[in-house]
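Here is the structure we will look at.
Per-chain numbering from 1; labels A, B, C and D assigned in written order.
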Amino acid sequence: MEITIKYFGQLVETTNTTEELITIEKGQISSLLNLLLNKHKGLKQKDFQIAQNQEIVSVDTELSGAEIALLPPFSGG
Amino acid sequence: MKDKKPKNVFREGAISHEFIGNSIYKHQSKTSIGAHNIFLGQVRADDVDGKTVSAIEYTAYEDMANQKFHDIREATFEKFDLTCMHIYHSLGTVKAGEICLFVFVSAPHRKVVFEALEYVVEEIKANVPVFGKEIFEDESHQWKVNN
Amino acid sequence: MKDKKPKNVFREGAISHEFIGNSIYKHQSKTSIGAHNIFLGQVRADDVDGKTVSAIEYTAYEDMANQKFHDIREATFEKFDLTCMHIYHSLGTVKAGEICLFVFVSAPHRKVVFEALEYVVEEIKANVPVFGKEIFEDESHQWKVNN
Amino acid sequence: MEITIKYFGQLVETTNTTEELITIEKGQISSLLNLLLNKHKGLKQKDFQIAQNQEIVSVDTELSGAEIALLPPFSGG
């Protein structure tokens, strides 16, 4: 399936992109994560959470096809 | 309540003192209110290794952030007996000394506004995907992390 | 600090939203501040036996009250690491919906402002000799008691 | 000695005055209080604290000659 990946904050600098389309087999978040870490080596040094369909998820969550976002530590306010 | 479309909490740039004053003024018609409590986040000119922060540039995962603000709002009204509640957060550049967060809670009596305001602010800091880039006077930057 | 002459905390009539907005604005030059917390007391149009409060008329033992406000201020700076603190209280008539108390505390970080503001407001309610006369729409009155 | 007595809030209604001068022998606050309760019968039904020289005092405090205030329950804010 095709999944939109969004990057925020300092991860935009790490990946040099705010958004990309990734094609991947069905599976868990972890398989997508491996793919992204391979594509963007800089991500390995970064602290981030993953949101699927705007909800924070763990790596063993099934990919639903909904939008994925990589979110560095929050610093609002 | 999840199906109700969240309001947009974000404002471009700093939140002005006139905006805050007007927001206070609008509550004069709500005469069941006896106590207001307001939190304002202001951008600090922090010193980091001899360089001074001159501004913070805010970005956000806006859709998720507005949904989170909405969820915090719903949870706060569940927990506390408030008359009303407003949240505004800046996006874009906010200079040192300017206001980037405005949280406003009101109730008939005072006890509940203290508890509610702190709850809301802590929830925002912990759960809303907003990202602050601290810009130094020499135009270098670092990424802010909440503690 | 007892010999330092206390400032006059009292203002004649309601505290306007412009005054509050300006007070916020004046803090933009204090760029070590990261968090402000503001308490506003607003006169409630309470119903008592079918009559509605239309205003509160405030009087005070002014010299003692200003000394108490001063003592609260000193004690608060002792207990909490604040950058600044302001208190204003109305005297005379304040109509329902208008502001009669404005307490404003500021600090580099947020945790301390929540604790400090609640402390100050509770101290004022308990220890400052201010007296509110609730005026009903038919011009009868009753004396307010803090709880 | 001569002592200024101030009344506040609802006690102004009870005594019909905001301030009066009382002449009294040296002694404790309690003797002044008895004199005032006798003079203003309505005070007996009222709840109040006594301040001497702007500090709340108990009835066994010695009269200093400084200003005395009768303060009904506070209701600021």
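Keep in mind that, in the parts below, a contact is a pair of C-beta atoms (placed from the backbone, for glycine too) under 8 Å apart; a residue touches a chain by one contact, two chains touch by 3 or more.
In UniProt terms, the chains line up like this: A, D = MoaD/ThiS family protein; B, C = Molybdopterin synthase catalytic subunit.
On a predicted model such as this, the values are computed, not experimentally measured, just so you know.
With centres set at the average Cα position, the gap from subunit B to subunit D (MoaD/ThiS family protein) is 49 Å. Note: centroid distance subunit A (MoaD/ThiS family protein) to subunit B, computed from Cα atoms, is 26 Å.
Distance from the subunit A (MoaD/ThiS family protein) centre to the subunit D (MoaD/ThiS family protein) centre is 73 Å, each centre being the mean of its Cα atoms.
Multi-chain contact residues of subunit A (MoaD/ThiS family protein) (touching two or more other chains) are listed as 77. Touching of two or more other chains is recorded for residues 41, 110, 121 of subunit C. If you sketch which chains touch which, the chains link end to end in a single open path, with no loop closing it. If you check each pair of chains against the touch rule, the ones that pass are A-B, B-C, C-D. Subunit C meets subunit D (MoaD/ThiS family protein) in the complex at residues 41, 58-61, 63-65, 67, 89, 100-101, 121, 124-133, 143-146. Subunit A (MoaD/ThiS family protein) meets subunit B in the complex at residues 6, 8-10, 51, 54, 69, 71-77.
Interface residues of subunit B facing subunit C in the complex, by the touch rule stated above, are 17-18, 20-22, 24-25, 27-45, 96-99, 106, 108, 110, 113-114, 117-118, 121.
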